[in-house]
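The two complexes that follow have subunit A in common; it is paired with subunit B in the first and with subunit C in the second.
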Partner chain A sequence: MPDSTVTAISPVWALAGATALGLLVVLAAVLDGLLGARATGAAGSTGLRRPLAEATRLLRQRRRTTVAADRLLWRVGGAGLVVVALMMVTVVPLGEWTLLDLDVGVMWFNAMDVIVWALVWLTGWGANSANSLVGGYRFLAHGLGYELPLMFALVAPAVAASSLNVGDVAAAQNRVWFVAWMPVAFAVYCLGVVAFSVWGPFSPALGGDIAGGVRAELSGVDRLLFDGGRYALLAAGAAFAVPMFLGGGSGPLLPSEVWVVLKTASLLGVFVWLRRKLPAVRPDVFMELGWMVLLPAVLLQDLVVAVVVVWRG
Partner chain B sequence: MVVDVAFWVLSVLAVLGGAAVFYVDSMARATYALALSFIAVGLVALLLQQNYVGVVTILMMVMEMAVMAVYMVMFMGMNPALMPMSMVHGKRMAMAAAGGVFALLASGILLVDWPSRRGAPAGDVTMALGEELMGPKMLAMAVVSPVMVATIVAGVVLAAHRTRYDRMGDDLRRRPADDPQPGGVGR
Partner chain C sequence: MGLRESLARYAVRSAHVLVAEAPGANWHTRVTVERHVLARGWRLASSPADADVLAVCGVPGTELAGALDLVWDQLPGPRSRVRVDGPDTAATALEQAERDLLDESAQRDDSRSRPTTPDMDHGGDGDGDMDHGDMDHGDMDHGDMDMAPGGIPLAGGGQDRDGLEMDVLHLRLGPVLPYWPAGLVLRCSLQGDVIVEAEAHVVDADPHAPHHGHAAGPIGNDDHDSAAIFAARRCDNAANLLALAGWEEAATRARSLRDRLVDGADAGVAAASVAELSRRVARSRLLRWSLRRVRPLSEADLEAHGLPSHLLGDPRDRLLAILDRARGALHGSVDTSAARREGVTPGVLPHLVTGLDLATARLVVASLDLEPLGTSQEPAHA
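Right, the complex of A and B next:
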């Protein structure tokens, strides 16, 4: 990419990026605590305190050990989610600044979200416990349903912008945001983000009916990292939606950096709120839904986008 | 300098990861040792500034390893991931074959009179690769992909326990099909 629309900044700023992602995680956790308190009729202040209380409780908790656990793979799986989320946000431009101005940034994001498959399954497998393994396989079954629609949803903005560079995709929306004329791709993308964060309707992998599933044997700091990683993935997915579908940093009055953060936080808020609004989707049912409904729908969306792009010349 | 070090570290990692596949005693470790090896190869491609090829390698290979875990429960009676097992069989034969092939290829490398380079690489190698695949070789690609899909489907059908007669009755007229899992769109 010779003339890029964004400027790569010094890697030292990665610390600031990680801090920003951390703040978004705290924001999402607090919001979830508040919504949870409201759902159970508890006072709002208990919900506000809950993320911090839970984090401190987990930090002090003793680690649970299981017989013949594959500790290496178990830990890699549990701690990996946060790392993947951090890698995802490296390609998200904040206004005109980006940490990694990769010419194939869209593919990069896609590769990272595929790594989540491996990590969640490894977390389920590593504990050497039947319930966690069942959870791991539930996630893979969901994955088989959501991943291909998600991939083809990412194709639409890239085709419209004729680029896989995230900054170029954002710049191509200076007149109309992509969400306006590719709503199906946006909806499927959001569904994919919720799914790879094992969140809300896609949480049967952590279901109470299998004693917590993937999380069944996770305790202490491992559990904190896993749950923090889920929030981080949700936040990274919301952040990536901004340059892909929501016009990047474009917006009136405020500087573009602020708009990116505002849009990210709003979408993240919607994702968190959805958790209590949608029923859980059973993996076996969703598999067919993904292949029979979502995949054709998003392929049609890609076709429409491709025709429009060719027609415009 | 940094690039050189990274190249060699990743190359060694790729080879060791590949070797670990046969050394470890667990299916999950073997699977993800292979994934690690491929990730290292993808990162080497990134170092060579083949960004698309590098990232796609990582994407496809990690996904493939996860799908391998699905095949593990689909076609192996017990869940083999949970118990230690040897990752090799027919050891002596395999060792001999591997050693022979290695010797053959290595001697080939050393003995062949390598030609000097003709022409220069394209400016954008990914673009050149895409044009090559989608242009003159399009027919071959268009034939290869259905054949590959047919092979996969045929493999699954042959390995599957249930046939269409189990699903739709002896006269294949039963609708909806009798499946252990109901499916999601009410067919």
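Right, the complex of A and C next:
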């Protein structure tokens, strides 16, 4: 094992990490509020205060339950998304500092994003309501389509860096960022992040046609946690893209920590902006795209990366 | 108390409103309520659990009133229920809703008077194992009543489309559902999320009165057959379809076009905007890919079901046709009163949605460009 390129810091800093993720969530929610207000022609100020007003509203609202709900699993699913997002950011190095210097950090991220499958589905299942359950299965249908391409997209940077340590992957990009020569893997990775955050084109699981789907029966703090969790996943996904594809903390003038945050916020902004731009991808036909187009494309990308690594090595 | 109050005030700034429309001549009222909701920075709710306010447009009949009571029970609270009799009272009704939501003591009384467990719960708490309702033991034939966890009987079995035994679930779509024709109820039998059987009716429809476009057209409409209103309704239908297809930006655009037409925008300018939206929709490859193969209708299908010619093709073709009709009406090339008469009757819906899953069934219903379904209830005498 070569010496690690990043330094693990005291777990107390996890609080700071959580706060940073929270700030990113607020930033994303404010941006979404502004874009929403602009689209509907409401005053900009209503968009600016929307996330906070929305959170206050949900905290004031009563929790509700349904007939014979599977309460434990329902609440576990709803609250779990935030936890998973927090787990994801533990392996993202902020410049040269990281909370968890795992040798298998890339797999760790992948494992976390698979947990989202269970959590979203459980939220749909627990309410004992047809609409929620349909939503839960829609998410699984999307999951079948996006998960394998996402896994193989994560393989490309790991192969190029010959390491599953996130810090090493970031350090391997000191000359040229991975996004420059593995654009397909980057695009598929971004699609995967949008998909596991049940966001934009991948939100039929929360569709208006099934009364809000997975969250059809959620109210009050449960809904706040679920929606906050989606934003947190989106932010964590954007943060993880920085060491994997966007050169980690490298950049001129500013310190590396600032670059990580800037890159994360920019990618997160793109994700948020994208939400309104595209129609939904129907879960029942997405497999076709996922396995017939994305999977071969990303495998080809992996092959190219592997050949380059062998040829250089 | 001061903090509590200001927090409540802040919370109410982003209240969510579930809009229910009684069938009949309440389209204009519903549109006005939606506009006021958005102008206040409030939002439209997607389900009862998401709503703080239940706004009922028009006078509900007995059947719709029953459904509204069920919906009302599901609002988490603090909650407010207002009735909007006409477009003029939309603003005052929402102000009333705001006052209701801020009235802490009334809300507290309301919450005390509600049962702590949901309605159908028969006391026995902690029956957490009820969920085997969805498991596959259809052929075991147990008496239905003693296996009714939480008061809900277990699903019965039936042959699915592959000839396998599968549970059948009964689900009603409507009458209070976003992006759904006012007053329409579709009772579906589902296997998984596939509709295997369906039956459609309009709530509180008087069986003796003609209640769909064929004979009478929309009854006693306050906004007669003006071309602009015809076009506005088309834009509203297009907005619903776009929203169901998950394309928020295009849906918002269609909705704002609708609003401009209701406000009496210049026909030429509006037609140009419709054309622009139409081009955008036509350009989207993702939409084309997503909507293709969703219950395409051929000439023969149209003839068999007695459907008008503009419903030819898949939902994307029909969406473009909706926008074309809007533009045609604005140019004066579509005879709007004739077009209104050739509407779709609820009777054909079951044929069109059977065999589809919920998502595509919703897309198909929205793509039919329905005229408002008539009723015996009129706001005029309210």
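Brief remarks on what is shown
The rule we apply is simple: the second predicted complex is superposed on the first by the 311 of 313 C-alpha atoms of A that agree within 3 Å, B and C clash if a C-alpha of one lies under 4 Å from a C-alpha of the other, contacts with A are read in each partner's own complex, and residues count from 1 in each chain.
Definition applied: a residue touches a chain if its C-beta (ideal position, glycine included) is under 8 Å from a C-beta of that chain, and two chains touch if they have at least 3 such contacts.
As the structure is a prediction and not an experimental result, all values here were calculated from the model.
Using the contact criterion defined above for the overlaid structures, shared-chain residue A:F178 touches neither subunit B nor subunit C, since it reaches no partner. Touch criterion not met for A:W97: it reaches neither subunit B nor subunit C. By the touch criterion defined above, A:W74 reaches neither subunit B nor subunit C. Looking at the shared chain after the overlay, A:T65 reaches subunit C, while subunit B stays out of its contact range. In the superposed model, A:E147 lies in contact with subunit B only, and not with subunit C. Once the two structures are superposed, subunit B and subunit C can be ranked by residues of subunit A touched, with C on top. In the superposition on chain A, no contact is made by A:F226 with either subunit B or subunit C. In the superposition on chain A, A:P204 contacts subunit C only, with no contact to subunit B. After overlaying the two complexes on the shared chain, residue contacts for A:M292 are found with subunit B alone; subunit C is out of touch.
Shared-chain residue A:F186: touches no atom of subunit B or subunit C. Overlaid on A, the two complexes show subunit B and subunit C touching the same residues of subunit A, namely 70, 72, 125, 128, 133, 137, 284-285, 289.
Contacts from subunit A toward subunit B in the complex involve residues 70, 72-73, 102-104, 107-108, 110-111, 114-115, 117-118, 121-122, 125-126, 128, 133, 136-137, 140-141, 143-144, 147, 164, 284-289, 292-293.
On the subunit C side of its complex with subunit A, the touching residues are 7-8, 10-16, 38-39, 41, 46-47, 49-50, 52, 74, 76-78, 111, 117-121, 127-128, 130-131, 134, 149-152, 169, 171, 177-179, 190, 192-193, 242-250, 252, 256, 284, 286-287, 289-290, 357-360, 362-363.
Remark: subunit A residues 37, 39-43, 46, 49-50, 52-54, 56-57, 59-68, 70-72, 125, 128, 130-131, 133-134, 137-138, 201, 203-204, 207-212, 215-220, 223, 275-285, 289 touch subunit C in the complex.
By the touch criterion stated above, subunit B contacts subunit A in their complex at residues 26, 28-29, 32, 35, 51-52, 55-56, 58-59, 62-63, 65-67, 69-70, 73, 79, 81-82, 181-185, 187.
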